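Shared between the two complexes below is chain A, which has chain B as its partner in the first and chain C in the second.
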Partner chain A sequence: MISYIIRKEAMEVSRDGRTRILAIVMLLLGLVGLLAGWANYADQQRNAQFAQADDQTVFLDQGERNPHSAAHFGRMAYKPASPLAAFDPGAAPFMGQVIWLEAHQRNPAMFRPAADSLELGRLSNFSVAGILTVLLPLLVFLLGYSALAGERERGTLRQTLAAGTSTGKLFAAKYIVIASTGIVLAAVTIIASAVMALFSPVALSATDTLVRALGLTAFYALYVLALTGFALLVSALCRQSRTALLVLLGIWALAVMVLPRVGASVAAQTFPIPDGAQVWSELRADIASNRVAPDSAEYKAAEQFVVSRALGRDVSLAELATMDLNASGLRLEVTEVLDYAVLNNFYADIYDRYAGQRDVRRWFALLSPAIALQHASSAFAGTDFVAHQHFSDVAEVQRNNIVRVMNEDLLLNGAGATTYLAGENFWEEVPEFTYQFPPVSLAWRSAAFDILLLLLWGAIATALAWTVTRNRLTV
Partner chain B sequence: MTLRDWFTVEWKLSIGRPASWVLFALFAALLIYAASNGKSRLDNRLDAIGRHQTEVSQTMSTWQTSLEQKEAGGDQTGVTPRTGAAMDVRFSSYLPQAPLADFAIGQSDILPYLSTISLATPDIRIFSRYEFEDPVSLMLGGFDLSTAIIVLLPLLLIVVCFDLISADRDANRLGLTLSQGVSISSLFWNRLLLRSGMVLLVLLLVSALMLLVQSSVHSPGERVLPFLVWTLGTVIYAAFWIAVIALVAAYNRRSEFNIMALLSIWLAFVFIVPSATSAILETVYPTPTRLSYLAEARETENDARLQEADIANQFILDHPEMLVNEVAEIPAFLRSNFLVNRTIDEATRPILDEFDAAARQREASVGIIRYLSPAIIAQGLFNDIAGNSAGRHQRYVEQVREFKANYSALVGPGVVAGQPLTLVEFQSIEGFSFRDESLSEALGRHLLPLLFLLLLTTVAVVIVNKRLRTFHVVGKQD
Partner chain C sequence: MADVLRAESLSKRFGTHTALNSLNLSVASGEIVCMLGANGAGKTTTINLFLGFLEPSDGKALIDGTHVQSDTTAARKLLGYVPEQVALYPSLTGLENLEYFMRLSGAANINETHLRSLLDKVGLDQAAATRPVQDYSKGMRQKVGLAIALGKNATALLLDEPLSGLDPKAANEFCSLLRVLANEGKAVLMATHDLFRAREISDKIVIMKSGRMVAALDSAALDNATLEKIYLQHMHDPDTLLEAAS
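Moving on to the complex of A and B:
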């Protein structure tokens, strides 16, 4: 019986010109968005690979040079773009693409692509994910607003029920048809994006990509289910389909267009990020206050640790006092070791503030599933700030390694020399920066709460829709 | 019927209903929040500028004290070999915040508005170390008055006005209404103007209130003129949407058709056209990558260091006057630093020129493409009036580089010769000051698009009037 109702509902949906037009528009926009996203991704990837190789050449061609001077010259850690960025660039255009790894300081990533983009692009998000987030609700609401209210107005609802159709089957059929239309549209674009991701220059493993694509499909499906529940709920509550449409459009405007921006603004006010100049000023103060006197026990312990590590054996303080070492090299590496924790704590505080802002937005996600979807989608596309933090932390480890190699060379080989220069082949000893994308488990951890919110949205909206429909239709 | 009669009727039928008041109250609340959020962002920028100025000023005060000590002779505590070095001079630079900066965040959250100018920092690093803002917040964008007007105003107008006559038509009472002796034209326009007028009234009242309530570094007098231009832009933008609503409503279709048609138009103008054209323009006119800029800078830095002697010789040949004083007082590494940075800046200048050219090319394209969407026209106007447009930030960045280049040309020979600046020389150097364009220049860019919107509005009104003259109540079918 239910299959007949589903078939009838599906036929109505397929015959609805408005639905067809919107679905076609969505697919076309999705296609354009995907191609534009892919072109952008490929370009970024190519540039990052070229720049990383070029940086290696420049670094190796330094000739004879003081290691500390070379540590200031540093290396560049270019961030590869996530292959699924073509589907959902998330916050990636607003994050820097390269981190300067140099002595003494941990730099933020620089060169945000969005800074070179047109300002009119900030009116809306033209990625596939952005298009789905904005247009899927419209499609579902257009399909659902008259599902019950329209039938009630026309009098066909009573006729259908009188013919022996149960309320449950009628509701289920409408729910399945409306939701599956949205889910199919989302799945098509996600599968296309995943296939493109598999053939990208820096492909993730096939399993990883597949899990991410399945996760994305599941989240967009949950989003559609929540929207379908809402559409049927409002349709069941309103006497007229026109009223139902108005209410749903109001919900759409608020939930999709207004609340994400308001949420972001409130979050930014609740957990303000200090401006760049303030960051550096505070960082300098923190580092200065953390520095200990060269004759203190802590400083001596740091010296002992640095020399022991450089030599690969334990060195006692007594032995240290008799060793012939380059004093500048020792001092530079000791300050690196002492500053390391301060720098990391400072960045941990910045990332905590990002997480705090995300938590505030999650409160707003209780009013708008679009926010939870945006978090989960960008996490699985590898374009959220957690993925960026992973890159930044790996780059910082590399920075420490580079600076340490330089300082240890100066420390051990520069003893007695007023101006020590490392040989031109020394630079080959500095390890090259390589970066592996974080596994999908990081995305699960990052988006667990948002996934839970989407599940709640889907379950509550569907349950409410069913309860109201059953009561209204029974009465 | 008089206007008062129309108002009474509309009050009872539509705008006086609790649902409408809830809608207006929600709109007003969102506008107030939007304006206060814009103010909060502005305050953050002003605080940052204040801190930046204080910090640079303290640094330079120490530098100057040391130089005064050196020149005075006597107690030389605090005097170092670097005292008076032009390489250690720091200039504070910032983009002044425009009088109406709290109304539109624009690109101020992503583009640089302050920097320390120093010869010790190559151009490539002047602005690049300040990118700490939460990227997700940047992506979602700030909620300000400009956004509220561009996105929400048309939506609210649509919600309030979409069923001007279709509500009566759907309920089969349009004939009855018209039989009371009112013309369809009068009914149509009076309803439209009263309903949309209420929305505009809320908007303009809240905007004016926020103008008065929100304190600013600018006097109220300085804020009035930009506010009037802002209001003019708002009214023209609203007029366009009111005309679009009238055009759709005049076709006398069912309410559902009206709202869907209007929503599609809104979606196309506010969402699809701006983002799609932005994506297309960025594909057609791609910005040269910053990564190749960086790669070029590093390659040049390496080469310059390796060929420092040649570069210094070349510089001396270009500036023979500095050979007059051959006794170097300043440490040699500062000379190296100067020469390397100068060489990097010169080598990367063509890349920056490419960036500027691409930006100008795309801006010129936007100048044409903005006619495709009233939202693009409004956004451009609002960002310009608020002084937070990409163009103004770009001019600031260019002027900073120009200032640095001029300073470099002025003190470079002395730096290479290892000579310190004298106090008189230092005091004769003027600090950075942003050369802003006037409001009329900014408005000039937007005059034609605004007139274009007015023209479209007029054409729509003419068509609507024509349709209303041939309006048939009976027998009209979808």
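Moving on to the complex of A and C:
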């Protein structure tokens, strides 16, 4: 019997001009958002590849030069945009895209560096994910506000129940039709985004893309299920469909427009991210307070470690004292080794603050599933702050490697030289920076709590709507 | 003939207000019973109790032996229901509405020929059958409502003011059809304000007042004037007692 009700509901939905217009508008906006996102992505990718190649050419063509001077000249690490950024740019525009790898210093990403980003909210972005997050509730609420209240108002509820069906079956059919409409619209845009991602210049593996696309579809489906539950719950409780519409529009404004912004603001106030000037001054202070005296045991141990690693064999302190090494090279590399942990701890603290912001926003996600969806969606698109942290950490390892190669060359080959210059072919020994996107397992870990919240939202809203419809919906 | 609709000491109270007070009523197969009474007399409450839309405070409602409150869905499948305003889905055509409600009731052998024959039987223009019902007049809606009851092959028909707002021709057609259906064996219980048409088509008339059945009359033994006199007498007498016309 449910199939007949579903068929009738589908016929009504398909003949409803408002639904058709909104669905077409959503699809068009989704298409435009996808194309705009893709254009941005392709542009960013092209620029990154061009800049990376240019940076390499300049580095390799620098001729004879002091290695430490070259280490200060540095390299650039360009963050490749996630192929799914065209679907959901997430926090990427707020986190920066290029990291300057230079001696002594771990730099934040440039072009919207982390230090300048106060929040991870991105509803204002014209992206497919943003469009879906904002407009899916409108579509579902427009389909659902009169689903039960309207039946009661028109008198068709009496007619339907008198025909011998139950409120449970009526609820189930309406739930299936409304939810399916929203899920199909979301799935179409996600599949289109995934297909584009497969053909992107830095494609993820097909399996990875498929898992991410399936995950995104599941999250948006859970979002739609929660919205459908709410729409039917309000429709069952309100005597008039007009009242139900007003209540649902209020919920939409609060859950989709207000709470995500309030959550982001509260998060930014609770866990403030230092700006550029603060980063430098705090970092300098941290480094200064962690410096050890050159005659200390810790410093000597660091010297021993640096030379042993450079030579590829263990060197004792006694042997070290007799070795003919470039003192400047040794000091520079020891400083790098000693500062490495300080730099990493400092940035770990910044990323902890981002995690703190996310946790604050999760409290607000208890009031709005849109926030949980934003977290899960950007995690699976590879554009959340966790994905950025992965890039930043990999870039830091690369910075450390570059500086180490430079310092070791100076250390081992510059002994006795007043001004040591590395040969023009030396620069080819410096490894190129290559970046592999983090596996999808990182996204699972990053978004596990948000996925759980979405599951709870879907289950609770549906169960509430079902219970109220069964027990409270009267003719 | 066997009773199809049966109310046994059926009562319904809303707080301190008694909407229906210990109603005993039966409608046999092939019989048309009309309930007369002012607004608030308990007519619609009776129909709602038979439909299972209300829980009785006391007593029980039975449809062909099925206890409505115990097995509401099964009882509803035996009923055809035509309210004052037949509610249909406006964007669906008459045919689609008819098919939908018939399928909900579990009717078998549904095909377009059968559906069209049902609409033909209730006198709905075939060209109108494929138009959305949002363009229908009230009379056309009532016909679709009756076609739904027919297509459902209901054992009993409950009609709540079905003639209200119909023009005389449409009302005549509707009543003629009811008689045809009763002759086919349906039990018909109709609430109406129209005394004269009730007398014309019914086998029995019951007069309701303040939740009580105050008179049960044999229609065949009445003329219009007598019925009107009895009705008005009951409406104005605060202490009317149940009486039966011979």
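To be clear about the criterion, the second predicted complex is superposed on the first by the 462 of 475 C-alpha atoms of A that agree within 3 Å, B and C clash if a C-alpha of one lies under 4 Å from a C-alpha of the other, contacts with A are read in each partner's own complex, and residues count from 1 in each chain.
We take it that a contact is a pair of C-beta atoms (placed from the backbone, for glycine too) under 8 Å apart; a residue touches a chain by one contact, two chains touch by 3 or more.
In this text the structure is predicted, and so the values were computed from the model without any measurement.
Enquirer: A:D61 in the overlay: touching chain B, chain C, both, or neither? Say first, second, both or neither.
Expert: first
Enquirer: Which partner chains sit in contact with A:A459 here, chain B, chain C, both or neither? Use first/second/both/neither.
Expert: neither
Enquirer: After the superposition on A, what does A:E12 contact: first (chain B), second (chain C), both or neither?
Expert: Touch status of A:E12: second partner only.
Enquirer: So in the superposed three-chain picture, is A:L311 touching just chain B, just chain C, both, or none of them (first/second/both/neither)?
Expert: neither
Enquirer: Of the two partners chain B and chain C, which one touches more residues belonging to chain A?
Expert: B
Enquirer: After superposition on the shared chain, which partner residues are touched by A:G263: those of chain B (first), chain C (second), both, or neither?
Expert: The answer is first: A:G263 touches chain B but not chain C.
Enquirer: Of all the chain A residues, which ones make contact with chain B and with chain C?
Expert: none
Enquirer: What residues on chain C touch chain A, complex-wise?
Expert: Touch list, chain C to chain A: 48, 51, 53, 73, 76-77, 79, 81, 83, 85-92, 96, 100-101, 103-106, 145, 148, 152.
Enquirer: If we count contacts the way the header does, which residues on chain A are in touch with chain C in the complex?
Expert: 1, 4-5, 8, 11-12, 15-16, 154-166, 474-475
Enquirer: Enumerate the contact residues on chain B facing chain A in the complex.
Expert: Of all residues in chain B, those touching chain A are 30, 33, 37, 40, 44-45, 47-48, 51-52, 55, 106-107, 110-111, 114, 116, 128-143, 147, 150-152, 155, 159, 163, 170, 255-256, 259-260, 263, 267, 270-272, 274-283, 286-287, 289-292, 294-295, 298-299, 301-302, 305-306, 355, 359, 362, 366, 370, 375-376, 379-380, 383, 389-390.
Enquirer: Okay, in this complex, where on chain A does chain B touch?
Expert: Per the touch definition, chain A meets chain B at residues 18, 29, 32-33, 36, 39-40, 43, 47-48, 50-51, 54-55, 58, 61-63, 65, 73, 76, 78, 90-98, 107-112, 114-126, 130, 134, 138, 142, 241-242, 245-246, 249-250, 253, 257-258, 260-265, 267-269, 271-281, 350, 353-354, 357-358, 361, 374, 378, 384-385, 388.
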